[in-house]
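Notes to accompany the following structure.
Naming follows writing order (A, B and C), and every chain is counted from residue 1.
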Amino acid sequence: MGSADEQHLGTDQGRILIHPLAPPLDQEQAITLSSSNSLGTLPAPTASGRFLHRHETLRGYLLLSPTLIVLALAILIPFGLLFTMSFWSMSGYDMVRTPTLGNYAAILEQPMYGALLSRSLMVAAIATGVTVILSYPVAYYVAFHVYRHKMLWIILLTLPFWTSYLLRIFAWRVVLGYEGALNSSLMGLGLIEAPLQAFLYSKTAVTIALAHAWAAFAILPIYVSLEKIDKSYLEAAADLGDTPARRFWRITLPLSLPGVVSAFFLMFIPTVGDYVTPAMLGGPDGMMIGNLIQAQFGPINNWPMGAALSLVMLMAVAVAGAVFLLLTRLVRR
Amino acid sequence: MAEPQIFNRHNRTLAAYAIGFAVFLYVPILFIPLFSLNSGLYQRFPMDGITLGWYAQLFTRGPVFDALQNSLQVGLSVALLSTVLAVPAAKALSRAVLPGKRPITGFVMLPLVVPGLVFGVALLVVISRLGVPLSLYTVALGHVVVCLPFAISILLPRFEGANRSLEEASADLGENGWWTFWRVTFPNILPGVVASLLLTFTVSFDEFIMAFFLSGTDATLPMYIWTQLRFPQSFPSLLALSSLILVASFALVFLSLWFARMGRTDTSLVSR
Amino acid sequence: MDVQDQIGAMKEGKLSRRAFNRSLFALGITTVMVPLPARRAMAAAEDQATYFTWGGFDIPDYFVEYQAKHGEVPNFAAFGGTEEALVKLRSGFVADVVHPCLSGVPRWVDSGLFQPIDTSRLSNWPDVIPELYNVDFNMKDGKPWLAPFDWGQTSITYRTDLFEVKGEESWDMLWDPRYAGKLGLLSSGGDAWWCGAIKAGVPLSQIDSEEAFQKISAAMREQRPLIRTYTDDTTTLNQAIAAGELVAAMTWNSSAVELKAQGVPVKFAQPKEGALTWVCGVMLHKDAPHLDRAYDVIDSLISVPSGVFNIGSYGYGHSNRKAFDGFDDATLKGLGLSKNPVEILQAGHFQTPQTAEWEARMNSTWEQIKAGF
């Protein structure tokens, strides 16, 4: 996880917490504590201080508990059941609950699953890579070259992300279609005689649509990490005679790398499992693992297999993520 | 704060690139309103003619409005619920000295990084095992899970940045915790709360994958659009509907992001 | 990942009085705006029956009678395929009336979720063509499980200006290498697999044999490289045919009708091997919460006005024989329909019920073929 957490922790530890929801009982202690804090000294670990500390922790958990309960119910139980179900099998319309590794064996044995999985990882990785690379200069521009309308820029760049998912996909069909905008303008310019079929129903179409759909998600983390860079480093480097390119390579890029990593994950993970984009833009060769999972829960009606496939996909994503993380660590060094 | 000399140069290439990038983001989406005005049934160039007929037709279609109402209901409940859950959570995560805060933050943010498909499927499995009938409630549950990380992410910086000395002063002056929260903390985080409400509403309103797996009789708007895709005659009026939604969600998101960033001065932007 | 930082990407400042008012204002607008429409429709919707049907059939045009009687149309829920619908019903979803197809009836009945229909409660029942429902598996003690409503064919819609037919119209058209990359197919196994059987020369009565699986798979694998897209969404198919992106595609009757209405030169082929004929209709949920109105839904669906709409606007056949009276023979022939549907049903290939195991195997084989394996 990222650097911001560490910062929060760092600041929190040096802080004396006066909680607004603290019961009146604490007030006297609070006053003494806050005055000692204003003198810049840490309070001695008195008994009451320890009590307050533990109390704070308790209250923190209390405040967190509703969210944690909701999420635990909605995350742990479903995934637990998904895991269990992945060892079941189907007989007609009924699930057989005798544990079996059959689903996983089938995933290993039949080439279709591996092929679709690796295609999904490839498409998602390419879309993410392209998006991150293309977004970086924009984030850089907004972070370093825009002064007065920063907010406007950020809002403008993130707005399209909030338009309907289905409609964004549909919009791409209008652009890439046979009589779509791209073909029409190419023909209008006299570059091609007849409409090209190559655009729609291909992995390329899926990649383009995914890249477009998630661009906003990629820009934000990069922007934030660039914005956080202490500009005195850059000034110092400039004073020491570094060229702009060198400053970028030695300071800006390494310091913004956490943002790039976040952007990669935020976009890569959801796109691996997408099934609507490939279904609508992919054609026969653009099918992805998500389509197959959806089919298991739909027409094929083999939920155990669908569960196993979902978990395998999740594992593959985790492994791909770990590899990526490892690579960035190596590069940073 | 004086800007470092090295950045003051206006970079035309980069500016042009950024503008081009923004155009690329918007152009495909703008075809939706464009073709909602097309008089032909099929979306192709050259356009057949201009008409407002699809918008008129929209108002004669009952199910559209049912779906719209469902989506508004779900969106509103999800926005309220996830924000109400997120406020104390963000407060705890931002302030309390909390052992295990990092794993908890990671856990809370998990829905952001689990593919929606897997999530929807996992929830469907549990819900159908429990014998709970699929309904707008199950959709709302799914949406709350998806929206919580968004709400918390928006509220957390608000709490972190809130001026703590005001709360301390309030406590010093003898206000109890409850009043301090409502009179000092809450106004302070209000822009974040509004932003969270609007943003979670928008997320829920547009969410498709969870709704696909978790909805029963009552379709949300994206579900309705999905089923109607198979039905060519109604498609142009769906484009009209989508254009209206587009305008509305742009307005909502613009508002919410505006609130979220409201009050930020230029110095606070630069120094972090 | 410091996600919380990124999406927010914001830092705190002080809240001015004006800003505070502005946010209250916006909060007010959203809360005031939203509950109003939500409140309005609730009362009406609750006492109407729910009709769970294919997307596209959830429209008022089929409910002229129902509306006259109850002032409102039923509640609609839509699905994209019958399997998807059954999965949802089995997981506990209750609708009064559901719209599956005749060949699925045994499996749907096996789910234990339905009740036979008391036809004496349907005023339009005497006009329903008996051949559409009177088969063994559909009758229980003289009551049908499924009341037929629409029927039609799965065949080939092709561009008469762009597709050159060699000899007779035939399923070979969708296997014609001259038009590689310009052919489209319905993606559900319920259509494609059966048409594949016709093309492969497998009698539909033997579609469950091992040999049939081999033959049909081989035919579908051979066809795959020629296919531009597999889709169940009619909009996509029609649009692509209108644009000339596809010159021939497997479709239902409605695609040809809609394309002709838009002035696109197309024909709904009558392949020499025969088209695939299907009958769909409505079933009654055993726990139908609005039983009386559910019967009104069914009665409305099999009425003459909805039949006329079904034939005229969609080009599908209807179960009410009187509905055909207003159409001339040439029009009906062009749609692959007839005033005497029995002829067509007997001439064509009729979908027959299969076991759940067969459906599962067929669907998973078909998904594999579509994926290229």
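Throughout what follows, contacts are C-beta pairs under 8 Å (C-beta built on N, C-alpha and C of every residue); 3 or more make two chains touch, one makes a residue touch a chain.
Model, not experiment: these values are computed from the prediction.
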Margin query: Count the C-beta contact pairs for B-C and for A-B, then tell me which is higher.
Written below: A-B
Next item on the list: Look at all chain centres (mean of CA atoms) and spot the one farthest from the centre of chain A.
Entry: C
Check: When the centre of a chain is set as the mean of its C-alpha atoms, what distance in Å lies between chain A and chain C?
Finding: 37
Checklist line | CA centroid of chain B to CA centroid of chain C, Å | finding: 33
Notebook entry, point to check: Just how far, in Å, is the C-alpha centre of chain B from the one of chain A?
Noted result: 15
Item checked: For chain A, residues contacting two or more additional chains -> 1, 5, 154, 177-179, 227, 265-266, 297
Notebook entry, point to check: Which chain B residues sit where two or more other chains touch them?
Noted result: 43-44, 93, 105, 112-113, 124, 152, 160, 226, 229, 261, 264, 269, 272
Notebook entry, point to check: What positions in chain C touch 2 or more of the other chains?
Noted result: 1, 3-7, 233, 236, 239, 243
Check: What residues on chain C touch chain B, complex-wise?
Finding: 1, 3-8, 10-16, 19-20, 22-23, 26-27, 30, 34-35, 37-38, 40-41, 45, 50, 52, 54-56, 58-60, 73, 75-80, 88, 91-95, 232-236, 238-239, 242-243, 258, 262
Note to self: For a test of understanding, state which residues of chain A touch chain C in their complex under the given definition.
What the structure shows: 1-5, 90-93, 110-112, 115-116, 154, 177-179, 195, 197, 200-201, 220-221, 223-224, 227, 258-259, 261-262, 265-266, 279-280, 283-285, 287, 291-292, 295, 297-302
Check: Considering the complex alone, what residue numbers of chain A touch chain B?
Finding: 1, 5, 8-9, 12-13, 17-24, 27, 30-31, 34, 53, 56-57, 59-64, 66-68, 70-71, 74-75, 77-79, 81-82, 85, 134-135, 137-138, 140-142, 144-145, 147, 150-151, 153-160, 162-168, 170-172, 174-175, 177-181, 183-184, 212, 215-216, 227-228, 231-232, 234-235, 238, 244, 247, 265-266, 269-270, 272-276, 290, 293-294, 297, 303, 306-307, 310, 313-314, 317
Note to self: Residue numbers of chain C touching chain A in their complex, please.
What the structure shows: 1-7, 9, 81, 83-84, 87, 90, 107, 110-111, 181, 188-189, 224, 227-231, 233, 236, 239-240, 243-245, 355-357, 359-360, 363-364, 367-368, 370-373
Margin query: Looking at the complex, which residues from chain B come into contact with chain C?
Written below: 40-44, 61-63, 65-66, 68-69, 72-73, 75-76, 93, 105, 109, 112-113, 124, 127-128, 131-134, 149-150, 152-158, 160-163, 187-188, 190-192, 194, 197-198, 201, 216-219, 224, 226-235, 252, 255, 259-265, 268-269, 272
